[in-house]
Each structure stands twice: as C-alpha cells, then as structure tokens.
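In the two complexes that follow, subunit A is the common piece, with subunit B as its partner first and subunit C second.
Let's look at the complex of A and B:
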C-alpha cells in the first residue's frame, strides 16, 4: 500500500467514535493545561499517562498526542490575554500578542494565533505523514556538536529580538545563562553558586523564573497603574476579523510552519527554540520588523505557526528511531513501551495501521484545535471583564501555585517572588527580560551539549566547525547575527562619522 | 517649549543643571558599573569549598566563568557606550530628557504590593495556603480599590475554595498546610470541604 492508501486507512480509524472522543477530550485537556501558567501540558501528559493503562495502544497515543497538540497552542492564550506564557514556547506570543490585547484587539490576536497554530500543526502533521523516513535518516547524523550548534542558533536569535539595543540584550542573555548554571553541574556533579543554601543545589527552574519575571512583575504594574484590562478602544474591540487579516500574515505563517517543521525533527530543539528562531527571522524579513514588539500580527503569527509545527515533526524521530526529542515525546515513548510497542523502523512494517492512525489523528487534532482553542479562549476572554485587582490577586496565586507545583518546594515560591521583583525593576528601567529567560532555558542545554561534545571529541573545540551539519548551523547563526546587527552597526557608524565631522545629528 | 522636556541645560540655573547632569551620569553608569563588579567578583564565589577536581580539559567553572567574563566585557562596553553618548549629548547641547509617563504610575501602590507579596511568601509556610490565600486576596483587592465588603468576602472565600478544589482536590498538589496549630486548622478545613 502506498502512503495515501495507508493515510486513508488511518483516517477511517481516527473518525471512529471512540477515537474522535479521545482526540477531543485530549485536546480540551491540553489547551486548558497549556493555558494555565505553571500547569504545563507536559504535566498534564504525565498525569494522563496512568489513565492510558486501560486504553488500547493506539487510543493511548491518540489521547497523549491530542494533549500535546492542544497544550502547545494553549500556552499562547494566557500569553496573549494576561501576558503570562502558559508554556515556555509561548513566550514570543507575549511580545506581539499582548500589545494587541492592550490595544483592544484581543479577538484578532487570538484568531491569528489559533489559525497560525492550526496551519503550522497541519503542515507538520503532513510532514510527519509523508517525510518521516527521510527526515529520520538525516536526524540520525546528529550528535552533541549539532545539538550545541542548534542551541546556539536559538540563543543568537536574541540579537534579532533586541531591536536597537544588542548590548543590553546580550547582557540580559548572559545573566540568564549564569542563572541557569546555579546548582549541580551536569558533568562533574559539583554545586555552583549555591552560597551554602542546600535548596539551591537543585538549581533554578526556568518555569519559576519565567513566572516571576512575567506574571508577578506584570501584576505589580497592573495595580500601580490601575490599568483597566477591558478593551479600551471600542472600535478596535468590536472590529470584525477580516479574511484580509489572515491573508496579510500568510507569509509569516508559511515561514513559521517551515522553520518549526524542520526544527521539530531535531531532538532537543523543540517548540521553544522553534518559536524564538521563527520570531527572530520574521523580524528580519518583515517590512514592519522594526515595529515588532508593539503588536504586529506577523510577529505573533510566525512563532505561533512554528511552535505548533514542531508537534508533528517531533514525532518523526520518536516513531522512526525511538528517540524522544522533548519531554512530551518522552512521555509518549513511555506510553508506547508501557503498551509493549517498540518504536523504530520496524514499527512501520509491523503495525502500519497504528502508525498511520496516529498520523491521521495528528492532522485531525490540528483541525479540531481551532474549535477547542476558540472555546477555551472565550472562557479566558471573560477574565478581561473582571476588575484588575481581583484578576491580579488570582494571577499571583496561580503563579505561586505554579512555581510551587514545579517541584513541590517552597524555595521555588521564594525564587518566583524574587524574580517577580527583579522583573518589575527591569521593566521600570527598560532592561529586557526576554533574553534573560531564554538564557535560563537554553543555557543549561548549551552547556551540557558543549561539555559532552568536548569530552567525546578529545577536548577538540574545532569539532563544532569541522562537522558538516554543526558547522553549517553555526555558519547560519553567524550570518543571522550579522544580518540582525547590520542596521544597528550602520546607524552607529553614521552617528560616529557625523560626530567626528563636527555635525552632530 | 514642549511639555515634559526642558529646553537645554542652559535654560536652568547653572547649579541645578550641573547637579541634574551629575545625577544623569551616575544613574546611567550605575547599572553597567554594578554588573561589571558582579562579573568580576562572582567567580570567586562560584564554589562553596575549593575545587578538588583535576579535570582534563574544561572544568565545572568553565561555562559559568565564560559568561561571567562576558558580563564584565559587555558591562565595560556598555559603560563606554554610555560615556560616548553623554559626550555626544554634551556636544549637541541637546535637551535633557525627562521621562514622560504615558500613564500615572503610583510607586507607593507598587511598594505596598511588593510588601504584600513578601508578607504572603513569609506567611505561606507558617499559616498554610487556605489562610494565606484568603488574606492575600482580601488585602490585594483592598489595595486595588475594591471596598464592597460582600464582594471582598465572596471573592476571597470562593476564590480560595476554588483554588483548593482545583489544585489540592483534583491535581492532588500538596500545597502548604502551615505549621503547628495552623496545620491542624488546615486539615480540619480540608476535611470540612471534602478535599481530604
């Protein structure tokens, strides 16, 4: 049977009543868990795992896959409405989604996010269906230096986000990377920067930092400005969402979908670097790139498409090689093993029905996600009608519960509050917080890949440049950095020349 | 003269202008200066006790050391950039910008909110989540200008109950019950609302 016939069979199974109910339930759970800051969809998948014992293997995979698809999108709902990313990958949704909400365009922002996520997810599901085997062969060549290079590409994207202040953004990123080194180091097991506090040995969790920097600081601002969260501009709030709005961001969605589909295949890359890199590239490509961060639709659409585009492609190494590229796919691997299913090339020969039912379900889940997303977003939108003081109190409590829930540790609550105050201070002086968060998220990964690469390759640092894939990715990172910095460097050069010529501009 | 801006330092009395210029310089250099100090001092506090590992190649201090050095270098570049900008501004005799507030920002309210947050963090492990959350919602709403006693009581009581039900009841999250007598109270209360 060819791919089309197998996929047709998969759709037949996915449209069965039990399968459809499983997908819808999983989607709703995922979107809600993703939208609740601190209660991530990965936690929801982990909590759902025991419930799959009683299910058939295919049904279990459909259930977890639907939570995954819904959860990756769900994080953007809270990011757009209350500036609190439900998941790390939803961070870029705060940069242009929340300013749209502040302008009263919450419905438009949500509609763009839902559509972009659905298109990205669909593209990725099609990639999964038709290109699984070739992608898997390519990903098999990846080793630690390639993972390191991919992480560096993610970190470099900070320069693109930094607008015209690359130095300050690099400082923020470096601070984040140093914060990420707190705790026991991954190679030697030596505790760093613990200052004699035992709780610091387990490190500073990025979720806790993120909640503090974004949620807590935002709520302090909310009460200090007594800002009304209801759409201020009635004309904007009631403005109809036109087809033209979607048509205008078609390029951003296409680029985001492509970037996400490619990055999703790389184990370890996942939704967060995918969304950030897509945002950075879109900022360079877009005509409104210099206005990014003020509520530009392309700045919202590209990362939204990219992060959901990683969901299907992240399943490629899982199903074909048995390599989970993320926490979510690791849980899916656990589910497969619990049910006695061994992922790998043989799975395609032994149980094509299961494989193509999963593929069809991923396509279906991304279409159904539009309705699940609208439903949950509608519920979250009603939050906007709540008085800001009440909303603020609950955001703080949810944040603190979220921080506590990461490791059931009161120390994380203190860390969250500390970073809340730091974030508030950073906002007041205009010091960017996003690069710091990226540093805390990607820094530990980069360190692990860097150190293990050197250990595996006899401390030869040239390995990062001599291995073809790693060298290419690092070359791309360098080109990306120069491309992003070029306008700033040009402007600075012109200012210096004018000043030296005695004609200050 | 445009609102919110002072049309050049010369428009002010010389002492005031000099003082303002001095404060401006200090404010702009304080943060990069502090970060430069951080980058230089922090490496000596990296480990609690002297490192005994004889690692071949890079040790556990390599990665954080690299980025602490980066912090110091970036801070130095930042200071140079600020000094250059100040020099350029002086040459251009440009207006001293006064930060324009797009919206009224109540710093006393922000300070009160921060104190409330710190108090909540301190109280949480002592009195437990049910009491701490109720008091926090109550105080925060009061700070936010809600004065209706019925609304205050309903929001704080129902809000706390909802959070308890979702997180302790459904998600089985072991939120703090407090210590001593507060622990006993929390257990009694959780039994009362059928969570335990």
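Let's look at the complex of A and C:
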C-alpha cells in the first residue's frame, strides 16, 4: 500500500465515532489546560495518562496527541486576553497579541492566533504523514553541536526581539541563565548554588519561574495599582475581522510553519525556542519589523504558527526512532510502552494501521482545533468581564496549583511566589521579564549541549564552526546579533566621534 | 477524616496511643489509597516500572495506588518526599541505581539507612552496543582498536559518576581507554550511535528494545558474570579478560525506614504476587529485566553494595 492508501485507511479509523470523540475530548481538555495560566498541557497529559490504561493503544495515542495539539495552542488564549502566557511557548503571543487586545482588537488577535496555529500544526502533521522517514534521517544528522547552535540562535533571538534596549534584555537574559544553573548539574552531578538547601538541588524549574513572573506578578500589580485588567471595549474601526488581514500575514504564517517544523525534530528544542526564533526572524524580515511589540499581526502570526508546527515534527523522532524529544512526547512513549507497543521503525512494518491512524488524527486534530479554539476563547473572553478581584484570586489559585503540579513539589510554590514579587519589581522599574524566563529555559540546554559536544569531540571547541549545519546556524546567529545590536553600536560610535570632534586640539 | 475516625483517633491517643494503634493499623492495612512516588518524570524507565507495578498491586492490596511523579536532583527530590512522609506504608517510592550512585557523589540528603527496600523488582546488566553500520563486528575488534588508539573511541553514557562511568574507568585502567560522552537525556543518548555521533553506547537492553528488534543496534559485550540468556552469543567482559565488579542497573520499591515490620511484610507479599502475574512477566521479559524479586536483607544489601562500589571508584 502506498502512503495515500494507508493515510486513507487512517482517516477511516480516525473518523470512527469513538476516535472522533476521543480527539475532540482531548482537544478541549488540552486547549482549556493550556489556556489556564499555571496549568500546562504537559500537566494535563500526565494527569490523563492513567485514563489511557483502559483504552486501546491507538485510542490512547489519539487522546494524548489531541491534548498536546490543543494545549500548545491554548496557552496563547490567556496570553492574548490577559497578558499571562498559559505555557512558555506562548510568551511571544503576549508581545503583539496583548497590545491588540488593549486596542480593542481581541477577537481579531484570537482569530489570527487560531488560524496561524492551525496552519502551522497542519503543515507539520502533513510533514509527519508524508516525510517522516526522510525527516528522521535529517534529524539524526543533528548532534550535540547542532543543538548547541540552535540554542544559541534562540538566545540571540531573545536579544534581537527586544525593541530598543538590547543591553537591558541581555542583562535580564543573563540573570535567567544564572538562575538556570541552580541545582544538580546534568553532566557531573554536582550541586550548584543550592546554599545548603536540599530542595534547591532540584533546580529552579522554568515553568515555575514563568508562572511567578507573569501570572503572580500581574495579580500583585493589580492589587497594588488597583487598575482594571479589562481592556477598552471602545469600538475600533480596525477590530473588524476581514479576510484580507489573514492574507496579509500569509508570509509570516508560512515562515513560522517552516521554522517550527524544522526545530520540532530536534530533541529538547520544541515549541518555546521555535516560537521565539520565528518571532526574531519575522522581526528582521517583516516590513513592519521596527513596529513589532505594538500589536502587529505578523508578529503574532509567526510565533503562533511556529509553536504549533513543532507538534507534528516532534512526533517524528518518537514514532520513527522511538526517541522522545520533549516532556510531552515522553508521556506518549510511556503510554505506548504501558500498552506493550514499542515505537520505532518496526512499528511502521508491524502496525501501519496504528501509525497512519495517528497521522490522520493529527491532521484532523489541527483542523478541529479551529473550532475548539474558538469555543474556549469565547468562554475565556467572558473572563474580561469578571471583576478584577475575582479574576486575581482565580489566577493566584491556578498559579499555586500549576507551580505545585509541575513536579508535585511544595518548594516550587514558594519559588513561584518569590518570582511573583521579583517580576512585579522588574515591571515597576521597566526591566523586561521575558528574556529572564527564556534564559532559564535555554541556558541549561545550551550548557548541556556544549559540555557533551566537547566530550564527544576531544574538547575541541572549533567543532561548532567546522560542522556544516552547526556552523551555518551559528553564522545566522552572528548576523542576527550584529543586526540587532547595530543601532546601539552605531549610536555609541557616533557619540564617540562627536566627543572626539568636540574636543579642542 | 470522618467524625467517627476523629473520635477514635482522639480516644486512641488518650488511651496511650502506640500499643493500641500499632497492631490495629497493620491488621487493617491498607484501608486507604497508597501513594506511589515515582522519583523521575513521566516516560522514563522508573516511571513505566512504577506505573506498571501500581496497576498490578491494586488488585493485590485492594486499594487504589495513584502515581505521583516527583522529579529532580537525580531522584533525590522524590526520595526526600518519601523519607519525610509518615512511615505507615501509605507512601511508597521508587529507589533506583542512578539515585544510589548520586549519593556516592554527595548529592541529596538521603542515605541507604533512611529507606527500607521492599523489593528489588528489576535488575539488568548493561551492554556495549554499536550501530548496525559500525565497522566493529565483534568485541575483540573493538577492544583491539581501542588498545591501539587510546582515547579515540567515544561511548555514549548516562553521565559521570554513574555505573557507566565506573565500567569505562575500570576498562581504561586495564588498557582499553575509550572516551565517556555523557548524555543525560536518554533519547539523545539512544540516538548518538544511530546518527554516528558516538562509536559505542553503554546501555541496558530493556531501554533500547526497539533498536535491538529492528537490528539497528548490535550487542558486542556484556557486563556480567555469566552470559545473558537472551543474548547467548554475546561474550561477557570477564571472558574478554576484564576484571571488574558487575554493577547492574536496578529498580526497587522502598518505604521509609521506620515502617512497621508487618506493613512491610504485607507490601512485600503483594509485590511478589504482582510480579508473578502474566502481565508483569510479559512486561519484564519485553524489557529484559525479569528476576526473582530480591527482598529483605538481600534487597537492602543490593543498595549498600552498589553505593560502596561507586564510592570506592570515585575516591580513586
């Protein structure tokens, strides 16, 4: 049977009533979990795992896959509506999505986010269906130096996307990298910066930091300033959703989908760096690049497409090689193993029905996500009408549950509340918080890839530049860095020239 | 707690607690859900083992056994949670060799004597594997090449200070010097030989079943006293002339050390029954981890001996 026939059979299975119900239920759960600030979709998948014991293996995968697809999108709903990202990958949605909400264009922002996410997800589901094998071969060529280079590109993008103060962003990012080093280091197993507190050995988890910096600090700010979370409902001529708006961002969506599909196959990279890098690249490419951060649709569409485009390709290494690249795919692997199914090349030979049903379901889930997304977004929009005090209490409660739920560790709740205070302070003095979170996420990854690369290549640091893929990515990162720092350097240079010129003699 | 329960508890306290509640507790044990703390995140070997066992223990003990993942600090975060829980048998945890190795390196605030090992349920030797397209067909070829070119062959392992590291150090001392490349993320480690990023991988067979079945991995050498029944053609390190202590990867179920004897006995009996079921046998044979569960002193000893062996190596 060729791919089309197999996929056709997969669709038949996926359209069966039980399968369709499983997918829809999973999607709804995923979108809701993703949208609740604090509760991540990885949480939701872990909680759903015991429920899959009684399901058939294929159904279990459809259920978890749908939660995954829905959850990766869901985080953007709260990012756009209340400026609190539901998952780390939705951080970029705050930057241009929330300003649109403030202008009264919330419906339009949500529509763009849903459409971009669906197109991104669909693109990568198609890649998964038709090019899993070549993609897996491609993924295997990526080794530690390539992962390191991709992580560096992510870190540079963070600086590149800061509007006009790259140096302040750099400080925030560095602080995040330092926080990321706390705990038992992954290579030598030595405890660092734990100050003798055993609980600190577990390290500072980035999801916990994110919940503190964004959700908790937002509520503290709400209490302190007594301001209204509700955006202006003033009628805005721009708020109408027109087809042309989507057509205008087609380039951004296409680029985001491509970037996400490629980055998704890298183990450990996943949705967050994908979204950030897509945002950074879009900012350089777009005509409105310098206006990014003020509510530009392209700035919302690119990272949205990218983060959902990682979902399908993240499943490529899982299904073709049996290698989970992220926390979400690791849970899927557990579900398969508990059913006695070993993913890998043999799965395609032994049980193509299962594989192609999963493929069809991923395609279907991304289309159905448009409806699930609109439904949940409608519901969440009513949150804007709830009194700020109630909303604040609700967010704090979810934050505590979410921080605890990451690792079932009470210490994480204290860390989360601490970062809530820190985040509020940072906001008050105008210090950007997003680079800090990204530093906590990417710093430890960069370190691990760096150390393993050196061990693997005889402690030779030139390997990062001499390996073709790694060298290309690092070259791109260098271009990025110069591009974004150019205005600063230029200004400094002018100041120095003026200073010298002004000096007599 | 119900009103009745509260009254009983208060009454028991007033009556002079210990003598009354101690036996009563054990007779009814268990009468409420038992929490199983898995000390690593969802999806890993410890998690799959814990979840499988929890499912099979439920009918044996007649209560539900929810699994909680408490990951962090090489499994020590979860163990700290376990050791600080009441020692009444209502909290169990996974205690695995990787965490024991971390104690030898000074990580965590846990020690073997803080826990009572109910049973060692999985134990497996490790192999050196190469990818199917590797130039090394046999262990002799690999060893010969490593002797001639010390420090050039790379081996993907789970990290420094682990049993993987110890095995490589001992081999290097005996003239076969290969480079330890630590991959703490299992998925990246499994991919390393497949992508040609490392020459060899040190791994237990159960974690790479998919590559063994598909023929993408070739086993070259086994670290055990005797040949593995599933891989009768693969020579042991002893046969190849190495003199070393064999450190199996093991996974156990443990409770806090102060847990009453009869509660431990009840759990032990349940674990033995659960591991005797067809479901467990299918699971363990698929992951090459079957063994008669070690219990009592023998189980406790497995942990201490392992820790001493690693510590001795790290001191050198």
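Please note the rule applied: the second predicted complex is superposed on the first by the 471 of 505 C-alpha atoms of A that agree within 3 Å, B and C clash if a C-alpha of one lies under 4 Å from a C-alpha of the other, contacts with A are read in each partner's own complex, and residues count from 1 in each chain.
By definition in this document, a contact is a pair of C-beta atoms (placed from the backbone, for glycine too) under 8 Å apart; a residue touches a chain by one contact, two chains touch by 3 or more.
All of these numbers come straight from a predicted model, not from anything done at the bench.
Superposition of the two structures on subunit A shows subunit C fitting alongside subunit B with no clash.
In the superposition on chain A, A:190 contacts both subunit B and subunit C. In the superposed pair of complexes, A:141 makes contact with subunit C only, with no contact to subunit B. Applying the stated contact rule after C-alpha superposition, one finds that A:20 touches neither subunit B nor subunit C.
Once the two complexes are laid over each other on the shared chain, residue contacts for A:451 go to subunit B and to subunit C alike. Of the two partner chains placed by the overlay, subunit B and subunit C both lie in contact with A:408. Between the C-alpha centres of subunit B and subunit C, as viewed from that of subunit A, the superposed structures give an angle of 90°, to the nearest 10.
After superposing the two complexes on chain A, the closest approach between C-alpha atoms of subunit B and subunit C comes to 6 Å. Residues 187-188, 190-191, 408, 451, 455 of subunit A lie in contact with subunit B in one complex and with subunit C in the other. In the complex of the two chains, the subunit C residues touching subunit A come out as 41-44, 47-48, 51-52, 55, 66-74, 76-77, 80-81, 102, 105-109, 151, 154, 159-162, 179-185, 187-188, 190-192, 194-195, 197-198, 209-211, 213-214, 216, 282-283, 286. Residues of subunit B that touch subunit A in their complex: 31, 35, 42, 45-48, 51, 53, 55-64, 67-68, 70-71, 74-75, 77-78, 81, 88, 91-92, 103-107, 109-110, 113-114, 117-118, 120-121, 124-125, 133, 136-137, 140-141, 143-146, 155, 159, 163, 167, 171, 173-176. Interface residues of subunit A facing subunit B in the complex, by the touch rule stated above, are 39, 47, 167-168, 170-171, 174-175, 177-178, 181, 185, 187-188, 190-196, 216, 219-221, 223-227, 387-390, 392-394, 396-398, 400-401, 404-405, 408, 410, 413-414, 417, 420-421, 424, 429, 431, 443, 447, 450-451, 454-455, 459, 495, 499, 504.
Every residue of subunit A that touches subunit C in the complex is listed here, in rising order: 45-46, 49-50, 53, 140-144, 147, 183-184, 186-191, 198-199, 201-203, 267-268, 317, 321-325, 327, 329-334, 337-338, 340, 342-347, 407-409, 448, 451-452, 455-456, 458.
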